[in-house]
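Chain lettering (A, B, C, D and E) follows the sequence in which the chains are written, and residue indices restart at 1 in each chain.
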Amino acid sequence: MRLVKVVGSITSTIKDPSLEGFKILLVQCLQTDLKSREEYFVAVDTVGMGEGEIGLIVTGSTAKRTVRTRKKNVDAALVAKVDNIELEKNGQS
Amino acid sequence: MRLVKVVGSITSTIKDPSLEGFKILLVQCLQTDLKSREEYFVAVDTVGMGEGEIGLIVTGSTAKRTVRTRKKNVDAALVAKVDNIELEKNGQS
Amino acid sequence: MRLVKVVGSITSTIKDPSLEGFKILLVQCLQTDLKSREEYFVAVDTVGMGEGEIGLIVTGSTAKRTVRTRKKNVDAALVAKVDNIELEKNGQS
Amino acid sequence: MRLVKVVGSITSTIKDPSLEGFKILLVQCLQTDLKSREEYFVAVDTVGMGEGEIGLIVTGSTAKRTVRTRKKNVDAALVAKVDNIELEKNGQS
Amino acid sequence: MRLVKVVGSITSTIKDPSLEGFKILLVQCLQTDLKSREEYFVAVDTVGMGEGEIGLIVTGSTAKRTVRTRKKNVDAALVAKVDNIELEKNGQS
């Protein structure tokens, strides 16, 4: 999984039928100190994420195995909202 | 998925039979501000994209599960035309 | 597999059901000299790793085939604790 | 798929049986302007490519689904010879 | 596949059962001129490689399809010893 922040959303009317009904979010990868990295994914939302929130995405074939994405043609899905990150040395972020 | 712009097209006569009949497009990955990144894919088109248009690609095994690419030997497919990108802080792009 | 160090842990209450019951760890990729690289994964623990320990992760579809992650929707899993790394030229690290 | 140029070939006598009978080529990824990138793959040839020629590779699980690589343990395969690349702004390359 | 050099070995007693019995090697990716790149994998050995030797790895789901890794939970496997690399312009390396 990768630690990401929701930075935007995408609307699309012409798309593969299996993407219908999903909220399509633009997510940015984060460092462990929660600073942004120059790495983005477009992920479908399976847990009700809002913009600015921090979560986890799965990518690759795993993305089409969650309860809500089963047999959907997605390669990135938000699968968890992050409540807290505890770092080894720097204490709680 | 990844946010991309169609920057060109490729013609090939000698190719794997499963690539027959597809428009093969050269796409460039985009930042959230729609600036180009130095990352390219060659993707088959499943939604009727034109050059200069912005869309989403799926990569990996997911690319061979869309309605039009089922059982085709592709590892990247355009699956959505992007109508609009709404960014958290910068408003509408 | 990739050589990683456990650098933190993540708590999440709203998540895909298949992630329930796993310790979710933040791991950082290492060079062969055990220096850290700017590459992170979030992995489920299958071998009882503690923070600061060095281990191996599998990523991609392999991550959902271990004894403890079978049919779980994960794309990265800690699958080994590393006891020792023997380097060709520099002797034992 | 990725746009690549064949830059060399590899010989190997001790190898996994499923690699027997394939020409194993060293390919270098290209930019859209056909300049080389510092990214290489070793791919099996399924379309009769020669050195210096430009083609497309598929990577990942797709590589073992082409007519000639079915059930072979390869993760990169040349699947098309490129005849022409038409770029949006710069005209024909 | 990727061109790699064996640079070390890893010992682990606490690990996923499917890793039992494999030699676990640390491999470094090579350029076509055989110079090292800052990219590493940890791969199981299926062809009897020694340290300092040059070979090919497969990564991803392909790694668990070789004769010796069938149904094993690995995502990188050494599948060939390289005898010779013939480069297009620079002659034999």
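As a working rule, a residue touches a chain if its C-beta (ideal position, glycine included) is under 8 Å from a C-beta of that chain, and two chains touch if they have at least 3 such contacts.
If you're wondering where the values come from, they're calculated on a predicted model, not measured in any experiment.
Colleague: Chains shared as neighbours by chain A and chain D?
Modeller: Chains touching both chain A and chain D: B.
Colleague: Can we say the copies chain D and chain E touch using the same residue numbers, with more than half in common, or are the two sides different?
Modeller: Looking at both copies, the contact residues mostly diverge.
Colleague: I'd like to verify one number: the distance from the centre of chain B to the centre of chain D, where each centre is the average of its C-alpha atoms, in whole angstrom.
Modeller: From the centre of chain B to the centre of chain D is 20 Å.
Colleague: Nearest whole angstrom, what separates the Cα centre of chain C from the Cα centre of chain D?
Modeller: 32
Colleague: At which residue positions does chain C touch at least two other chains?
Modeller: 60-61, 63
Colleague: Linking chains that touch, what shape results: line, ring, star, complete or other?
Modeller: Per interface graph, the chains form a ring.
Colleague: Round the ring, from chain A on through chain C, what is the full list of chains in order?
Modeller: If we begin at chain A and move toward chain C, the chains come in the order A, C, E, D, B.
Colleague: Looking at the complex, which residues from chain A come into contact with chain C?
Modeller: Touching chain C: residues 1-3, 31-32, 46-48, 55-56, 58-63, 65-67, 79-88 of chain A.
Colleague: Please give the residue numbers of chain E that touch chain C in the complex, ascending.
Modeller: Residues in contact with chain C: 6-19, 24, 26, 28, 38, 40-43, 51-52, 60-61, 63-64, 73-76.
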